[in-house]
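Taking it in order: structure first as structure tokens, then the write-up.
Naming follows writing order (A, B, C, D and E), and every chain is counted from residue 1.
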């Protein structure tokens, strides 16, 4: 059913210079799905996300978005196809204001979307309150919210989130999960996210892949996800 | 007992994580190069010997900049200020004191001390004022340019210290060369054999001394400050003091270059502190690979030699070729050309071992 | 049989800041050497040139002066434009007891047995220029000069000669080398209301003064010892910015004498793209002939022998601008000084000339190289010690 | 009364003259340094390029304003080429740009000397002069002052009011994220560097009629340019204008009081003092206050 | 007797009052967690203690010495140590070299290699010791920085979100390690958003809100406080 495949990743290899990290990653995301990727530190989750968005060149394999090969495109071209990316460690533009950071996020779509800014402000009120503050002086959690808000500004059809809950207070973690689920319901936003926070995984994910040593080693269904200890066991060892 | 093990520990610092080159292979290569350098005058005419001394003169400044910039992460664009200060000090002192009784050697020490002192004052101002990055570079360059412009207009007879005239832009001349008092009559160090060996010995001593310095605790902290000053401070290090010390040591070496150069040519001019002169040390150090003493040393020497050869043989195209070489070097060898060669040979030998 | 060539080192700036004024000097030496070789060389020995580009960099002068003397073992060296470059190489010439020709107009005062200076010096240029200007335009003088040895010492000469002739300095301003913006200076000049301005500007940046003063409509006559003759500003700036500029030169290419015309013709035949033949090119050319005569009369390239010839006091050649004779006391050269007047359209006329103007000051002040060789540079405010 | 008015005018004129020179020298450098963190030692050569091309164009009969724009355009294109061939590979290590641009500067200066000879004939300063209270002034200098102000205003608008400004600042700060957000960072780099070079070319074109045209002419802009940029600090819009005002006043005052040397040395010492007081330049100070 | 005490500590950024009259005291041997909404001023409070920022008013006492104006390195030498929120490591140096720099000024040079081997083993970074620290994964960087912080053998350790990016198991292991260090006499002050972790280690918890001390008590008291649930915890109780 190729028309329901949002993202198809096949036999993807990649890494840093001469150092291979991804060793044949296979997985897929269907239209309208929220998929989690879990795994211990250093197994290659962030490397996978960077390779998907195009910040690292793949060393082999294929990435297809709605059936179209995108692995040869530059990152900005992929972004313009509607993929949003929130890096681990936030990476806001430190010397620009919060508002300016948000405006940059619009380049994903290349146009200004009416009402988007208001929507983002509604999701993250602190961003409106601090619209004129330089992003680099925001607190860690505020920056994380900004990074998520920034990517939503471009109205992406799919987002890649690398540990979105990191550094965020519990009730806002819940809020972010809610926002993602709601966007997913309303607009069919596809989400791939890397996460360690079990609550967030359970609140958001419809399916889940487990990664180890650069490979996908297990795929968990929604039912599996309801079993807390099951997830925990995949995150340990 | 305790004493000897301590000495052994200090000597062991000659090798370490902050310097390339260790093990018998490196040191036998080093010994070979040293041997060749010592034997060189036997095979070269006295022009070549003197010309090499001229090249050696500049290497102290390059090593000093490697310490300040490559290890400490502080780009000083003003090393020629200390070069110039020491050079003028040497000139003024020796013209007034003469060259008997080893007074030129005293003048050398005093001049280097003077540039170290000036560096301490300026460095205090810079580092304790939390000036860093390009700001540091530009302020140090400004200091150099102020000195240059000031010295350039000291042509009049009112600019005289004792019997030494500063003599403005035309430069100060007629200072005696370094002279070693000797039972059989003093040895005047003209650019010839004795000066060659003296300069070479100084160079080796400074090189080995700096190797020990950067592999010591001091060097570790310096590198840490380059990488992440806040983190270094939060490990309990007084980063400003370390930066200041590196700056003073590096600038004293620039001063040593200044004295040697002045003694070599019996001449010093404000142009030695101008914009072009100030940029040259940066070029030498960057081309070889600033983050290591050995690559800096080899790289700076190579640049000096190649540029002179180009000037001799490429006539009007020399500057074009030099410029192109610089650009290409930076592009193909991000960590410096000597560093790139070292890495390439390491990779090759590793591959061989793997087989 | 092949006679052993006589080697001449040529150290001139062929790139960098000074190249504009000095490439022509190299060409002039090449021209002279070619002519001499075509006519059988010096005493049958051909001239061989060893040229290095000193890149307007003092350290290159030091490197290459050692090289020509020690490695190439040249018999004489023709070297240097800026006085700083000359001072940079002089200790090395002294150390190896070589012979260097400095073929450049400069601030004067070098008393050094290893040097022969063929360029004009202040007393030659100002003792002629200033009385003429004061006569013609008035006695209030304003000097702007490059703020270094050349400018300061030249300005001192201007002051001295103006006062000796009953004139008055209404202003004196020194400009650091490399400065290219002159609005304030222009205003200062206007405020002082001089009758004419002495411009002793050095380097290409400072030459911008003329354009800027012209644009601000300063409109005062100007006098100089250094501009036009060296940097051909009248050719580079659009008329009339150098209107009523007066310069005393010992040569420039506009000079309308048979010798000059002949020289220009030969020069352009060999170097068709030469933008301008300036005074220093002419000096360099004549210097080769001076050297030829010295060697032929000394029957040797040995410095001591050559200096014995100089001491006879009758070494003269006819240069493109007139006769040049070496003064034995200072080893400087007497010149025919031409007054060049730049007209509104930047064409040149020569209202006056003075023959046989001697470089008298050094000798009068006490430099006598036939007796002793202090190898030093003096100036009016720092004269040779009275012995 | 009239006298003191004349005095005021003359000081304003001198200040404006210094201000214009500082701003026009610096803005190209400021864009390239402030936006990209690249220390462009070939800045002077872009200025020279602008001066040469505009002079050639004027000799060829192009009207003055068009000739100046042609100079700016030529420098801009040259800048984009340089960015594409060299600078692009160095963004990760901005300090290495010092060496690379130094090399480029050597190539260009000597290349021009070889190809075009040691000098070029000027075109002469247009627009004549005017008099105020016994002094005559060049009209063209007023044009230069106005140009400086216009350039500042245009830059400010461009970087704060346009998408390009936004995206270029983002690109310079965190390139990989900007790229991942859909910004064609390569294009942005190229345009930004080109803009800086074009501004240098503009300065060259504007000053060409008033200066000696030689391959090394760019050097006489460098000290002023660097000083202004550094005193201004990393943020070019907040920094350059106030820095040029401060330095312009210092330079004009010292020059008129004690002569050119005092002006020059005063300028450099002002830098040292300002940086000591404001280690991140004027804009660093403003930003801190505002945040 | 307190190991750390702040009195009426105030810090403003422009118009923003980031900490307001914070009175805070730690008893020696305590494990204390600081929680609170994003932007409450927790990291700023840390920076004030460390001297990275100077307070506008108020005092800081460490072991009864006034350190309000002391330079950061002086505070560290008195027995403070920190892990930052954003990993602060020496990126271009090897993992091992990072630890050498942290340890060299209080470990005998002859013991240094073994000491570092031990620490590397403990951090699970032994296999990566020659790697450049900048090339570690995010979680590995966190570990490395924790290693540098505890390597100083501080009397008071400050940790800003030590477990961010760690798996639940690793978080738990970190907690156990901290407890061990605490048993050896180290006092701990940690900022955390992971309530499981807080529950695991904290003797006492302080909630900071809008720069003011909002609540203080044991973890059970805090989680039971409806006001804290409203501003911070949300519906899920850890």
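Observations on the structure shown:
Just so we're on the same page, a contact is a pair of C-beta atoms (placed from the backbone, for glycine too) under 8 Å apart; a residue touches a chain by one contact, two chains touch by 3 or more.
Just so you know, these numbers come straight off a predicted model, no measurement behind them.
Between chain A and chain C, the least number of touching-chain steps is 2. Distances between chain centres, each the mean of the C-alpha atoms, put C farthest from chain A. Mean C-alpha position of chain A lies 43 Å from that of chain D. If each chain is reduced to the centroid of its CA atoms, chain B and chain D end up 33 Å from each other. A separation of 47 Å divides the Cα centre of chain D from that of chain E. Inter-chain centre distance (chain C to chain E, centres taken as mean C-alpha positions): 75 Å.
Residue positions 137 of chain A each touch two or more of the other chains. The residues of chain B that reach two or more other chains are 149, 153, 316, 318-319, listed in rising order.
Residue positions 110, 113, 219, 261, 264, 291 of chain D each touch two or more of the other chains.
Of all residues in chain B, only 9, 17, 217, 220-221, 223-224, 226-228, 230-239 touch chain E in the complex they form.
By the touch rule above, chain D contacts chain A in their complex via residues 163, 166-167, 169-170, 173-174, 176-185, 234-235, 287, 291.
Per the touch definition, chain C reaches chain B in the complex via residues 14-15, 51-53, 55, 57-60, 62-64, 66-67, 70-71, 83-84, 86-88, 90-92, 95, 147-149, 152-153, 174, 176-177, 375-377, 379, 381-382.
The touching residues of chain A, counted against chain E in their complex, run 16, 40-42, 46, 88-89, 126, 137-142, 144-145, 163, 166-175, 196-199, 232, 235-237. Of all the residues in chain C, the ones that touch chain D in their complex are 15-17, 19-20, 23, 147, 173-176, 178-181, 183-185, 187-188, 190-191, 204-205, 207-208, 211-212, 214-218, 235-239, 241, 273, 275.
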